[in-house]
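In the two assemblies presented below, subunit A is common to both, partnered first by subunit B and then by subunit C.
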Partner chain A sequence: MKKILAISVAIVTGLFVLGGYFFQDQLSPFLALIFDWGILLAGVAGLIGVGYLLRWHLSKLINHKKGRFHSVVVLSAFIFAFVAGFVLTPQNAFYRDLILNIQVPVEASLLAVLAVTLLYASLRLIRVRGWSPMAIAFLLSALVSLTLDLGLLQTGSDSLAADLLGILERLPLAGARGILLGMALGGLVVGLRVLLTMDRPYGE
Partner chain B sequence: MPVLICPECGAENDLTAESCQECGASLLDVLPSTLSNQEELGQDDLSVFSQDDHDLPDLLNALKREDDLQVEEGDQGGYPEMPEESPSEGLDFGGAEDENIPDWLKRIRERASREKDSSGEITQKIKAARESLEGGKDVEEHENYESWIKYLRVQGIDKGAGKPMEAESPDDNQDADEGDSDWLSKIKKAQGKPLAIDRDEVSDREGDSLLQWLVALEDKGKKPKPILEEEEEVQGKHTEDTLPTLISSDQDDPQATQQINKSELRFELPELSVSREEQAQADQLTATIVDERASRLPRKQESRSFRWLVRLILGLLLIVGLSLSLFTGGKAELPQGLLQPHTEALMRWAKALPTDASLLIIVDYAPGYAGELSLIASPILKQVVHEDVFVFMMSSSLSGTLLGGRLLDQLVAEDRVTDLGYFPVSAYGAYGMASRTTSGDSALSLPELGKGLPSRGVDGVLLLSDSYEGARMWIEQLSALIPETPLNLLAAAQAGPMLLPYWESGQVTGLIAGISEAAGMERMLSGSEVVARRWRAYQTGVLLLMAMLVVGVIFNSDSKAAESLRGEQ
Partner chain C sequence: MTWSLVGWAVIGLSALMLVIFNILFKNHKAYPVRRFPAVDRLTASRAAALERGKKRAVILGHELWSPAYPGLGLGALSIVSPLLEAEQVKAGGQVIAAGDGGLLLLARQIAVGRYRDGFSKSLIESDLGVILPGMTPLSFTAGLLPELRSQPYGSMALVGNVGPEAVLWAEAVADIKEHVFAAAGPITSQAVLFPSIRDLIMGEGVFLLPGLLKARTSDRAGFLTEDILRMGCILLLVIGGILKLAGIL
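Showing the complex of A and B:
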């Protein structure tokens, strides 16, 4: 019975949202209600996730488990940001700088580390694979892309070099669009499978 | 007579002995035992067997009780009948057939009557029992014990023989089958022993004592010979085409065996069903084991100091290069090709925007891209956002409200900015926002779900995004919802190439992607070099990255290791 109910709700909701694209005037109020429900449920799920995370760190702290210092940092940061956000509001300039002056450098540093990690991974790939055709192609494509990104190569407007440069610049675009087409087709198929109950991501 | 039995060797010692006279083990903790020696057994008129049952060993006691029950129930199986050549019969020295026995046997019997050690324990016991029977004491009881002891002897011989029934002669086999009661069959099956005995073995081992058999029975280290091995041995002794005639040719006997052609036998192997998943797991495990056992080339012992020095040099080179490119003065030379057509289109839109326009700024980037997006957006925002412009701000990233507030804080007064809040586009798409076109623009009302696009419309939309996915959702919805409103993209370099088709299709009015294009726009709009210097540092970093890539590939490639790896694969 539960399975049938879940399947019915999923099918009706999916068809209702899909129909809203074609009959927006008639279904707009109901769609708004459905979206409100969805966002509300997502908020509740977020609260549950926050509560679970807090409980896990608290239990780690109470039971004197390994790494409890990190739990102390996490709990302190959470409590401080939570209380400050309630008291000062997110529109407050001090609160905004307080959060962003920590968050922005941390995330930017992670991205910088990611760049170095990718460089090392490419070196290791060539080290392991040796001078194979794929490794050589990878190295050349990386160097050409980086060189083009620098913007140092300049050509005339109507020259053969300009055409060649244009082809090289369009190579990543062609590959990326091919990937996007595959993703779009995959998304379409997944949507149809959910509507036809061949896939049941809502669980059993 | 109570004695002290040594726990180590089993020797009997006097009650006053403190240590064993045989092995020297301590007897201080040993309690006196009432078991008598062999001489007392013989003189005690079969005292061991005529005593109460608790004097018997446990195994004997259990066997006797089971057999007593069967006798009481009138079981016809009863105690087994011993064959004619039973060793106990041969010990009847006083029989009528003495006249027919040969001289050598008479001499043996005479010697046995004189020397007590000439026969085994059981023989002595049986002899003593017969003597007592002749005395008229408990005739029936002793007969029962006698036959029971005989049967125990046969069972003990079974234990020692370990021969299958098929190896016996037909007569012996039949006798044994008749003599085996149910309880004995169960015991034999439980012990993994064959159900028959070899009478030759019986005759060979008739002098063994019952105690020796009990010791052998309790010797767990002596395992029976597997039946399969015996079958293989039997097969090896005979021809290839036939198996031996095992017991009897009597067709009426259901237990009789016949000669069987080996070709007619079908040995069915047990079926082994392996699923595909199990096979895959087994293959993976095998591959892992092979990989672990594979011989690997020893790693070169490189000098740690050398590697540390190389890393230090590379790190210093990177830091110094970036610092010099960032903080040194001079005019940044920008190539003319940085100004792309989609950038020029955005510039044209900015110049055509009225002074009292209303703008919708959508913040859709993570804090990690805040530096890049602020550099990209600052030239155009300085151009279009001023004190007379009314700005609506909406975010679709978790920190969008904070990032947008910081971005607009120094450009426009706070009262000219309306925060429409956060909308989870990544989770629900922009359709939810688009379905609320008729809602008001009350920024202060809660919850955020009640907010939507400004009902009075805007003169332009600036979408700041760091990813293709977020920008795509906003473009699809806004281009369908407010198609007449110009939509401009300020995207990170990684999302620029993917978003370019939207400009080519006309869904987007203008596009700036990456610092390089922002630097070109800044040069054209204001002539400033703030973004251009960052662009120069970016170029330096990319050049260093390329240099490290080339140097690393040249000096870090290990062709031998790669060939070895390919060979393994």
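Showing the complex of A and C:
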């Protein structure tokens, strides 16, 4: 019975939202209500997610697992931010400064590590993939894009060279559109399979 | 004819094809499943990790739904079920990480649903290992990296909506010479993962993954529908290009 209820709710909601794309005027009041419910449910899911996060770290601490020092840091930071947020409220300027002055530098440092890792990964391209046509094409396109972005190549507006440069500059866009078209078709089929209950990611 | 009508026609046609192929493939010879060596290596690495007593990670991404890539979250959830093989769960060490409360709950629901359906008597709910290391992309990274470094992971699969920071997780596992597989959705993550991961599935291949792991009738129907839609799209683009060159469009 539970399964049938879940399936029915999923189908009706899905069809309603799908219909809303095409009959916006007629369905907009109901769609707004459905989206509000969706946002509310996502918020509740987020709260449950926080609960899972805390439980995971607590279990690491209790079971003396490796990496429990990180759990101590996470739990302490959470309790501090939670209590301070309750006492001072998130609108308080001091509280906002305090949190942002920790959060922003930490995230910036993580992004810096990411930049270095990306550079390192790019240098390992041939070692990972070998001299395959895809790897060579990737390398060449990266080099060409970097060179073009430097702006060193200047041509007259109506010359053949300008046309060639234009084609080269548009190539990444064309490639991205190709990938996005494929993904859109894939997304369409996945969505329809859920609507037709061939797939049930809301509970098998 | 409006674009709205074209949209309905494409959606209706796709739904019709899915239903028809699903019925046809139940009774007749099914559409063949193409082989992806990357998927074969994922299966092999998970089995090898199990034999060596190492953990297997499946990362489901940060978002269940995003406006730019709406199907990715659902696509990621679709692989949870085929990956929950009895022996993989019985041995323990199967970790599913999600960066979104909705993803986490649905992944857990799928796992528990299989338990309730009597899929495996040895499947214990508390051993399911569905975790949420962080709720934003960077906090997820900060939570996941220590886990990957401190526990013996033998295989990692990245699916769903992951950002460029996924390269940090991939490098953490690749550094200890273990297998990393990715079917990463967004274009940015495809681009950053391409140089560092050999077993990477890109583009529409991402949505084929559940069927590549364990092909059911509905997966085969989906493959054929997607192939027909893709061929139709290519044909239309080519015809449109020719008409434009000829000055008709």
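Everything below uses one rule, namely that the second predicted complex is superposed on the first by the 173 of 204 C-alpha atoms of A that agree within 3 Å, B and C clash if a C-alpha of one lies under 4 Å from a C-alpha of the other, contacts with A are read in each partner's own complex, and residues count from 1 in each chain.
Note that contacts are C-beta pairs under 8 Å (C-beta built on N, C-alpha and C of every residue); 3 or more make two chains touch, one makes a residue touch a chain.
Keep in mind that what you see is a predicted model, and the values were worked out from it rather than measured.
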> What is the contact status of A:152 with respect to subunit B (first) and subunit C (second): first, second, both, or neither?
Replying inline: first
> Between subunit B (first) and subunit C (second), which, if any, makes contact with A:45: first, second, both or neither?
Replying inline: second
>> Once chain A of both complexes is superposed, is A:20 in touch with subunit B (first), subunit C (second), both, or neither?
In response: first
> For A:191, is the partner it touches subunit B (first), subunit C (second), both, or none of the two (neither)?
Replying inline: second
> Does subunit B (first) or subunit C (second) touch A:56, or do both, or does neither?
Replying inline: second
>> Contacts for A:104 in the overlay, against subunit B (first) and subunit C (second): which applies, first, second, both or neither?
In response: first
>> One more residue to check, A:166. First (subunit B), second (subunit C), both or neither?
In response: neither
>> For A:180, using the defined touch cut-off, is the partner it touches subunit B, subunit C, both, or neither? Pick first, second, both or neither.
In response: both
> Which subunit A residues lie in the overlap of the subunit B contact set and the subunit C contact set?
Replying inline: 21, 42, 107, 110-111, 122, 128-129, 176, 180
> What part of subunit B is in contact with subunit A in the complex they form?
Replying inline: 335-338, 366-371, 399, 401-403, 405-406, 409, 419, 424, 427-428, 431-432, 435-436, 449, 493, 497-498, 500-501, 516, 539, 542-543, 545-546, 548-550, 552-553, 556-559, 561-563, 565-566
>> Could you list, by residue number, the parts of subunit A that touch subunit C in their complex?
In response: 18, 21-22, 41-42, 44-50, 52-53, 56, 65-67, 70, 74, 106-107, 110-111, 113-114, 117-118, 120-122, 124-125, 128-129, 138, 176, 178-183, 185-196, 198-199, 201-204
>> For the complex, give me every residue of subunit C touching subunit A.
In response: 4, 7-8, 10-11, 14-15, 18-19, 22, 64, 69-72, 74-75, 77-78, 81, 98, 100-102, 104-106, 109-110, 113-114, 117, 130-135, 138, 141-143, 146-147, 149-151, 164-165, 167-168, 171, 185, 187, 190, 192, 194-198, 202-204, 206-208, 210, 218, 221-222, 225-226, 229-230, 233
>> Touching residues of subunit A toward subunit B in the complex: what are they?
In response: 17, 20-21, 24, 28, 31-32, 35-36, 38-40, 42, 90-91, 93, 96-97, 99-100, 103-104, 107-108, 110-111, 115, 119, 122-123, 126-132, 139, 142-143, 146-147, 149-152, 154, 172-173, 176-177, 180
